[in-house]
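Next come two complexes built around chain A: one with chain B, the other with chain C.
For the complex of A and B:
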């Protein structure tokens, strides 16, 4: 969302709109994480008044969707792809293959057994 | 660097000795502490047979600078000087100190993708332990960690044609026994300072305590708290975070302070029930 996006590009990897979007989501999530956790605590605490818990529920559900951790999705650093991204290398499968064959990834070799 | 297996097997008596195929002069120059000449392989001069006059200028040039303008006698003496013990030890397997009690104090795990670097650094760590006076066990070869990935060869579809990749992490364990904790820390610090490329290190350190540990730990904790406050007092506190204020407002609002507790009329203390 435009209100969260940085005015200047603050990324050093492959850039496309999806990468920027995901990066923005990550930043927004870290910013609002404590608030979300506090609201979640109020909602789950059964010793608090029902009215308050209900209002906390409302507040949580009304928070921007970018503040949710589930919005974050790993993307390929080299190509910005969203599918088939290895968590170990933060690269999609094809970029992983290319870099492994070039010997850019320490210890990764072609296997045969 | 290491001698091949067929070299070692016949010499079971001198098992600690590492035999490397080297020319005569090379070993002599090393013995004299002059191992910095590079082209050792061409030098096959035995100094005892050659007088200074018989050495051709080319042969002289191949000698280390310090050995050129001296008489044959002096040169012979220099070349036949014994190697210092500490230098000699570099050609042998690392020495070890025996442990008295056998209490493990530190487990150092070395990890790498490259066996050469790993073996070399494990050897280095053992030597460092010896010279610090620490009894060390190992290096124990731990099971290798093999990770494999299969990816399609193409960037799009064609799932039938795939390629396998693997990464094998090799591990070595070095255990220190009966060492003083400070010395162990010193050893670990030294290894970290001299850390080798492509080698990861992980250490589990145990300390053995006398009685009344709790009281001493309480005192130490107090001191540590103060030290932490100086450095990490603001850890986890964000300057721009308004969450705490918001929560305070929320909790001190009417909704929380004036409302009765839920089901307040029905709340009672538990009663003890005796059963015959």
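For the complex of A and C:
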């Protein structure tokens, strides 16, 4: 969403609209995380009045979708791809292969026996 | 030997007071689980590497010093060359001129 997006480009990796969107979601999630946790605490606490918990539920469900952690999806740093991304290398499978064969990733070697 | 329930509750209460925990003998859900969770934000937000612009950041950090920015120099030089060949950007019009040019023709 445009209201959350940074005015200046602040990414140093491959960039397309999906990467910018995901980065924005990450920042928004971080900003609102404490608020979400507070609401979640109120909802989970059964000793609090029912009315308070219901209003907290409503508030949490009405928060912007960019504040949800489930919206965040790891993308490839080299090509912006969203599928087949290795968490450890932050790279999609093909980029991982290319870079590993070139020797750009420390500690990765093609298996041969 | 059976210990009465009330005595055990007293013991638990004392235990909670000493160790500064919540007295919750019925085991109700009080949401402490959520409060104990660590914040995930700082780890999540650093996934993509930040943009690093060495010369600009140095200039901002030390405004009195001078740093050579090769890319910027190249850009300015190419603009100079283009202007010499008459390929530069058009001159900015004044407000009155642009109004005159964009004036619509009256309808019949």
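By our rule, the second predicted complex is superposed on the first by the 112 of 113 C-alpha atoms of A that agree within 3 Å, B and C clash if a C-alpha of one lies under 4 Å from a C-alpha of the other, contacts with A are read in each partner's own complex, and residues count from 1 in each chain.
In this text, contacts are C-beta pairs under 8 Å (C-beta built on N, C-alpha and C of every residue); 3 or more make two chains touch, one makes a residue touch a chain.
All figures in this text were calculated on a predicted structure; none of them were measured in a lab.
Placing chain B and chain C on a common chain A by superposition gives a fit, with no clash between them. Of the two partner chains placed by the overlay, neither chain B nor chain C lies in contact with A:58. Within the superposed three-chain model, A:34 lies in touch with chain B and with chain C [touch as defined at top]. Residue contacts after overlaying the shared chain place A:42 against chain B and chain C alike. Touch criterion met: A:94 reaches chain B, while chain C stays clear of it.
In the superposition on chain A, A:26 contacts chain C only, with no contact to chain B.
Once chain A of one complex is fitted onto chain A of the other, the partner contacts of A:1 are absent, as it touches neither chain B nor chain C.
In the superposed model, the angle subtended at the C-alpha centre of chain A by the C-alpha centres of chain B and chain C comes to 90 degrees, rounded to the nearest 10. Fitting both structures onto chain A leaves chain B and chain C with a minimum C-alpha separation of 5 Å.
On chain A, the surface touched by chain B in one complex and the surface touched by chain C in the other have residues 34, 42, 46-47 in common.
Only residues 28-31, 33-35, 37, 39-42, 44-45, 47-52 of chain C touch chain A when the two sit together in their complex. Of all residues in chain B, only 113-114, 147-149, 151-155, 163-169, 198, 238, 241, 243, 246-247, 250, 255-256, 259-262 touch chain A in the complex they form.
Every residue of chain A that touches chain C in the complex is listed here, in rising order: 9-13, 19, 22-23, 26-27, 29-31, 33-34, 37, 40-47, 69, 72, 74, 77, 90. Of all the residues in chain A, the ones that touch chain B in their complex are 34-35, 38, 42, 46-52, 55-56, 86, 88, 93-94, 96-97, 100, 105-112.
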